[in-house]
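Structures follow.
Each of the two complexes below includes chain A, the first together with chain B, the second together with chain C.
Our next item is the complex of A and B:
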């Protein structure tokens, strides 16, 4: 018995085999009375039905939130949620915000400094000082 | 001020007591929780005796005229162990899940709902996912095994088992099911949303979910670590080469008792992992039942085999140099010799030696290490790994490719002699 197997678990890469949209639920909250919800009410009447119809993979809910600003809350597969307050916005601005939430991965926003992030090992390999002929200085 | 999160409180305070006094707010109800215990002692008290309802109907203290239920449940739904199938058509979560996985409309929501009911939630095999999961498990394991065997024909059996487990084992299928966005209900029951995974946190289900025999000597093998050979494992054990264990022997009474009060413990995590992996298998079984062979193969490729597993990290060698020299003898190569390719700082605290293993003029492997012996054995391991991980190509044909109509006839795949040193 010279070879022993170690335990490893495969890691998923969303989009390599199948793509799963990371936003799983969106809640739209509005108020019937307050003026800051005027755009949201217009959005719910005019734009939301088409938006919902084109995204069957997301669960939608619309509910009143009296005496509060309108808000969109999105829940993601990684367990996090993101909320955007859409007070005093026009319906098309709210649509932009809804699309932003739909496209988000749910991860916390962080600065991306490297052009490529990958779990694959480098094709060229790591540079080694012990190989090659070196350079005479 | 921060809002009180009543749902985060430990279970004891939230259990609906039968005959709880009618308090105006939930907080007032919690404050008066100690009253009934005193009332039992003070028989002379003039305070009103609390009335305990006679019927067994579950009542959680909600004022149903102020807060009407969101969904009108069918009669006696709360007494059922799992939601009735007709409720699946109204579940938004379920419809979203089907669309998220791009499942065809041929797969009815009722079947998908059934795939989310674990055997620990509902014993009835007509309503839980046992049968679907059995089919799904066979299909996943078949596709993973044939792909691994054709893609890496020289894998030793031990490593093949570990790779199978890495792709299709319960831990990775648990991750797969989580990545689909499946959530679980706090407790199973007829009234919960059918789009939630339902399993019991108190008992494992008694479903049989795979091939393999329960060995008579399993207890002795566990206690005395009796040796069992690999060919023995192939015949008797499950698809991952593991001894089939009873569900009952995994129970841990102390952990089980604490399962309600703790946020989660080792035992509940194991139950959740088993339930999620069973659910992922059941979804695959459901796809097979309603759409057939090819869609299920594409689904397994897309969700299971597309995941990354570095097979070279599965190997642990005991005697790499010995195994390499036996390999060279078997394959009629020149006997392997280790040569120092380059070195630095031999007399220093951190020397580096680069050693290559050569067979004649061919370099079989190379590695750098802090000592000559270490570098040599690492180089031998690299040489062995490159032998064992030989692959005919990334897009190899597998036997199930022939089952498609007008497919090219099967060309025999590469079959290896086997491991260098058996056991």
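Our next item is the complex of A and C:
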């Protein structure tokens, strides 16, 4: 009988080979007039340069958004984006929100009951009534 | 039965030889301890200094001792099988994983960033299709290498709990949105050379 290869779709498992950060772009929008943007302005001047320097794999952009609340928008590799409005927050609180966006994958928030998620087939095999010790009736 | 008496009776059943410093003398002895063998017994000795003369349990591996015969003979066969699983214990909680699985821990691990590699050294079971290495209570960490990468921190959806009592109009709202650290098991390897090292 000829030997044929089994067709298998390659599945990427981030972390097994190389690790790729899921967040690819972060936009920081500020406003010079709005009082709610005071913390954001301070964050951009003081904490943002160090945050940007420690993440060379993420694209950052800072742009004014006049007459609006300050907002951080993060875009992810799976195409989704997450926005967090940081109105009336202090610079260190905004840094925590930026770290939250960096740690997240772009997946929608969902409740997960089981801790382990796997695509490998079972190591010990699926139970069969015809193999093993049998059943005494 | 008092604890001292119980200990002496147990020691009578399995007499123990110990290396004792000559300067310390026993303060009290009970009647059960007196007719024992030539060794002197104390009531405040810790268990780890006792060398058992009974048959040693084959699944227990002492720190500096060589692995038992079943481990030495069967570990290479376990390692040669195609698939392996390991039951990791993270803060005492078991997670049965194979290589490439993702684990969602029930807490947010402090001080880690995405991309950090954790070396996991606490496991209770290491197995393959036909063989299982059971630790008592843990598998010797020199026998395997298991690494996990922190992939990020996920959050659950916002949960709102409304607390209200009957015949009282006041309602209290409690919001929860817990964060969970996600790991990916990047490496699970059985170290056969550990059997030959010791």
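Following the convention adopted for this analysis, the second predicted complex is superposed on the first by the 118 of 137 C-alpha atoms of A that agree within 3 Å, B and C clash if a C-alpha of one lies under 4 Å from a C-alpha of the other, contacts with A are read in each partner's own complex, and residues count from 1 in each chain.
Definition applied: a residue touches a chain if its C-beta (ideal position, glycine included) is under 8 Å from a C-beta of that chain, and two chains touch if they have at least 3 such contacts.
Every value quoted in this text rests on a predicted model; they were computed, and no experiment measured them.
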**OP:** For A:111, decide between first (touching chain B), second (touching chain C), both and neither.
**Re:** second
Subject >> Touching partner for A:13 - first (chain B), second (chain C), both, neither >> reply: both
**OP:** Would you sort A:85 into first (chain B), second (chain C), both or neither based on which partner it touches?
**Re:** neither
Original post:
Can A:5 be said to touch chain B (first), chain C (second), both, or neither?
Top reply: first
Original post:
Between chain B (first) and chain C (second), which does A:44 come into contact with in this model arrangement: first, second, both, or neither?
Top reply: neither
Original post:
So, does A:119 touch the first partner chain B, the second partner chain C, both, or neither?
Top reply: both
Original post:
In the superposed arrangement, which partner chain does A:130 touch: chain B (first), chain C (second), both, or neither?
Top reply: first
**OP:** Classify the contacts of A:77 with the two partner chains as first (chain B alone), second (chain C alone), both, or neither.
**Re:** first
Original post:
Is A:59 contacted by the first partner chain B, the second partner chain C, both or neither?
Top reply: first
Subject >> Set intersection of chain A contacts, chain C complex versus chain B complex >> reply: 13-14, 16-17, 21, 119-120
Original post:
If you look only at chain A, which of its residues touch chain C in the complex?
Top reply: 13-17, 19, 21-22, 100, 102-105, 107, 109-112, 115-121, 123-125
Subject >> Touching residues on chain B, where the partner in the complex is chain A >> reply: 92-93, 95-96, 99-102, 156, 158-159, 161-162, 165-167, 169, 171-172, 175-176, 178-181, 299, 301-303, 305-310, 313-320, 322-323, 341-344, 352, 354, 368, 419, 421, 423
Original post:
Which positions of chain C touch chain A when the two form their complex?
Top reply: 83-85, 95-106, 113-115, 127-129, 148-149, 151-158, 182, 184-186
Subject >> Contacting residues of chain A [partner chain B, same complex] >> reply: 1-14, 16-18, 20-21, 24-25, 56-61, 77, 119-120, 128-131
